[in-house]
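Report on the following structure.
Chain IDs A, B, C and D follow the sequence of writing; residue 1 opens each chain.
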Amino acid sequence: MTKPRGGSSRERAGAGGSGRRTIIGVIGPGDQASAQELEWAHRVGALVAAEGWVTLTGGWNVGVMDAASRGARDAGGLTLGLLPSSDRAGASPGLDLVVPTGLGEARNNLVVLASDALVCCGMSAGTASEAALALRAGKPLVLLSPTPETMAFLRPLGRVPPIDVPDPAAALAALRRAVASR
Amino acid sequence: MTKPRGGSSRERAGAGGSGRRTIIGVIGPGDQASAQELEWAHRVGALVAAEGWVTLTGGWNVGVMDAASRGARDAGGLTLGLLPSSDRAGASPGLDLVVPTGLGEARNNLVVLASDALVCCGMSAGTASEAALALRAGKPLVLLSPTPETMAFLRPLGRVPPIDVPDPAAALAALRRAVASR
Amino acid sequence: MTKPRGGSSRERAGAGGSGRRTIIGVIGPGDQASAQELEWAHRVGALVAAEGWVTLTGGWNVGVMDAASRGARDAGGLTLGLLPSSDRAGASPGLDLVVPTGLGEARNNLVVLASDALVCCGMSAGTASEAALALRAGKPLVLLSPTPETMAFLRPLGRVPPIDVPDPAAALAALRRAVASR
Amino acid sequence: MTKPRGGSSRERAGAGGSGRRTIIGVIGPGDQASAQELEWAHRVGALVAAEGWVTLTGGWNVGVMDAASRGARDAGGLTLGLLPSSDRAGASPGLDLVVPTGLGEARNNLVVLASDALVCCGMSAGTASEAALALRAGKPLVLLSPTPETMAFLRPLGRVPPIDVPDPAAALAALRRAVASR
């Protein structure tokens, strides 16, 4: 028999007695991500893992998705990826659990629905659709050093306003508050 | 036997010999749409219908979706709605064809993929996700009198820039150019 | 202005004053369809069109999907295809309205949900998933000359039993009863 | 920092150096599951967990889905549920990771695509759609004590034939062969 996994982590991570794990979506550009955004994503993944939370991404082995998965994995966290494709080719090697959805960009809504809260590291068209869907669904959305244009556009869209933070440590603090209040 | 429908309309509308109809997606707020946005959507639907094109919406009987469907239907056009729900309850009475997708907000990506071009009348979180997905997919996106914040946010996201127009007539001119160049 | 399309057809086809069109899904094998199944599908499409109903398929230009679309189109009917792919490549030339869903085989559930009733011409793995989902959703399911194995498997699965018919004319009679009782 | 989870389990479970976990889908009836089917599902979940594999279900807290999740969880395994709904209400308490897909029955295709192999405990309309989609996708499909009608229907549908086993231990042996050959 396999030993039960990380009891103490389970206790910190679970949602009460049921053991359901808190899931944090990390979203951002793929190919076009900047070095700064990749560094943020890697750090956010590590901090989410240290908290005992699961890191969820769009699954590809590029950009913010890949950096967050690797950061979380390297810190001992559990990682889940929801790929748009119908098989696992191109999945980030930082993922424990790979779900090929076969849905194309429609999978963006699943990234949102599966997350207790989301952190956004940089912007792209796909990322923008996820940020908008997060606001639509009332999910806490934390943006790492967003442009003024991004905040000016997103702020009026949701009942719950998006949260602007300067760095990964502040993102984690915002996530803690968001998770605690759910 | 039913008589073949509108031969001359078919010839104007079809994509060559195959007869495939050009589809224009009309997107915008639901419950929160302003009187101005509803008027625009109704007029856009009528102009799209007069062109022999199909009007596609997210299907509900509220807001821009409903106004565009009614405008197109009243002008003799064909209307298609892609509902997020799994049955037809709440569909706009202006629709000829109702497709309950059962996908929730993931249906937004289908509105984009099914459209040859899209017209945006006003903004909301759901609309923003569709606009972003349209830019992601490289679909022509025409925005009716958008705010400066909307254009500042969306402009950098796509390879093909979004098109800012002041009124429905200018939207139609932009759609004609977009459809002709596809 | 485009002339309103087929008033008399509209009156026969619509669901009351709203004008919503009745949609019949035609499902069956793609590449592997037999000559008999293709002939059935073509004839079913023609009969559905003559009734003023819309013919809905999975959209490809092969097999039962293609034959049903062409049969309906040639008889003057309106045709709608829900493709699994994210663009229109490979769509049947018999389609008026092409919706690339980008959902892969998950689009099978949309074929079911969008149909008032379904006709099955032959069997394949994809077709089986649609037949099962139709029973799951309580949609009338008419099977053209199914094997005893097919009926033995499907019969216990639904609250509404699948309907076994010998030929396209009997399929139409079954569809009329199904549509009338909805 | 959280301690890395179960190193030895990771080594047994992973797909080479990348650490990707093998995922086994367990499918079967919900409300209508028999006592025998529930017992099978619970045992299959436990055996899958003992192998170091992840147990994947359709997520609800009823029937085979719930029994498999609980069986796997109680044996120390990791459990993932893909719900058709858009929030977590009604999720099995045996789940570690809950993904509300918001896709309705279209989520059945995701259960298939995310699985390295599937085990079927009993039959229903929803289960039949998953079994058919598994054959469509070429996924190994193991059926626990299926009826002759089920095997007669499913056998011709796939390139890879479905595998008929008498009990959970034989199911595990079949899964081991299927996973090893991928």
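By definition in this document, contacts are C-beta pairs under 8 Å (C-beta built on N, C-alpha and C of every residue); 3 or more make two chains touch, one makes a residue touch a chain.
These numbers were taken from a predicted model, which means no experiment stands behind them.
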item: Longest centre-to-centre distance from chain D, chain (CA-based); value: B
item: Mean-CA-position distance for chain C and chain B (Å); value: 26
item: Centre-of-Cα separation between chain C and chain A, whole angstrom; value: 40
item: Separation of chain C from chain D, taking each centre as the mean of its C-alpha atoms, in whole Å; value: 31
item: Sequence positions of chain A contacting 2 or more other chains; value: 86, 102-106, 109-110, 113, 137
item: Pairwise touch network: line, ring, star, complete, or other; value: complete
item: Touch list for chain D against partner chain C, complex; value: 103-110, 113, 123-126, 128-130, 132-133, 135-137, 149-150, 152-154, 157-158
item: Chain A-touching residues of chain C, taken from the complex the two chains share; value: 86, 102-106
item: Contact footprint of chain D on chain A as seen in their complex; value: 1-6, 8-9, 12, 17-21, 23, 49-52, 54, 73, 75-78, 80, 82, 86-88, 91, 93, 95-103, 109-110, 113-114, 137
